[in-house]
Amino acid sequence: MKHQDAVNRLKTAEGHIAGIRRMLEEDAYCIDVIQQIQAVQSALNKASKIILEEHLHSCVITAVQGEDPTERERVLQEIMDVYETSRKV
Amino acid sequence: MKHQDAVNRLKTAEGHIAGIRRMLEEDAYCIDVIQQIQAVQSALNKASKIILEEHLHSCVITAVQGEDPTERERVLQEIMDVYETSRKV
Amino acid sequence: MKHQDAVNRLKTAEGHIAGIRRMLEEDAYCIDVIQQIQAVQSALNKASKIILEEHLHSCVITAVQGEDPTERERVLQEIMDVYETSRKV
Amino acid sequence: MKHQDAVNRLKTAEGHIAGIRRMLEEDAYCIDVIQQIQAVQSALNKASKIILEEHLHSCVITAVQGEDPTERERVLQEIMDVYETSRKV
């Protein structure tokens, strides 16, 4: 199930960051630390993508097919915001 | 001290991800979860930036001022790789 | 009108890139050139965002409210693809 | 020569944006337009990368090996700024 997949990825990311923190405390090579952080970020992006995909296929469909134009507008605006912020974190 | 600042940010990120995982397990609103993941990404970027800055001011200066052209080339190439990957995580 | 706004931004970006190309041909300082390229990229992102927003408010609403589940799926998948690629250019 | 390679990529990007502008004026499908803009973004990133690589191998080496600590600091700070901005355009 996709939702559980995102939960698992977050759990893995937690352990990964704990490991990177220890690398840093033990004075590992800077570039190795940065590359491990980039690997966690890639995993977090995969989790975000899974959640966004679920969201499009549930809440967004419901809101766009629904009767309430304000709610529809709100849901579309949220997608724009997530898209915008994903580039600026 | 800057190094310790990066360690602290990673420690905070660990706790933050644990919290996001619980949000997801308790079926929080998708967009709220995605925005929290984006906040963690931003914190991880800050940690990477601190580490890269330390790296430029230590290893990179040493290698560029050193006698070994292979080592100098290696260190400059690593910066290019980190720059490249930072856009693709 | 929003569509025209995106056209104008692309027109400006064209002229901007021509200027950057001349800077480069006249051996301007590398960092100044890179910063100008980043300014064009920011302008192109604004144009993309305007177009995506139009798309959500027209084609996406039509497809999601429509009768054809294949078409709805196609349109949602396109949004996921655009989201994914926007991070990897 | 690498410098010329960056000039050529910018020239191609100019023509590409002109083509995208015409697509938009002729009401092409939004997603096709966005994907073409992403292709230009990717080409501009390649040009930036070439220029940054040249810069590391010339000005940065000169400054880091030079006698002036203020100049060295300025050059390293510029790299941090370019790295930071590259994620936020």
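Labels for the chains are A, B, C and D, by order of writing; each one numbers its residues from 1.
Convention: a residue touches a chain if its C-beta (ideal position, glycine included) is under 8 Å from a C-beta of that chain, and two chains touch if they have at least 3 such contacts.
In this text, all values refer to a predicted model and were calculated from it rather than measured experimentally.
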If you take the mean of the Cα atoms for each chain, which one ends up farthest from chain D?
A
Report which interface contains more C-beta contacts, comparing A-D against A-B.
A-B
Report, in whole Å, the distance between the mean C-alpha point of chain A and the mean C-alpha point of chain D.
27
Chain centre separation (chain B, chain D; CA means) in Å
22
Taking each chain's centre as its mean C-alpha position, how far apart are chain A and chain B in Å?
16
At least two other chains touched by the same residue of chain B: list those residues.
45, 52, 82, 86-87, 89
Going by the contact rule at the top, pick out the chain D residues touching chain A in the complex.
87-89
Which residues, counting only chain B, touch chain A once they are in their complex?
3, 6-7, 10-11, 13-14, 17-18, 20-21, 24-25, 29-31, 33-35, 37-42, 44-45, 47-48, 51-52, 54-55, 58-59, 78, 82, 85-86, 89
Interface with chain C, chain A side, in the complex: residues 45, 49, 52-53, 56-57, 60-61, 64-65, 72, 76, 79-80, 82-84, 86-87
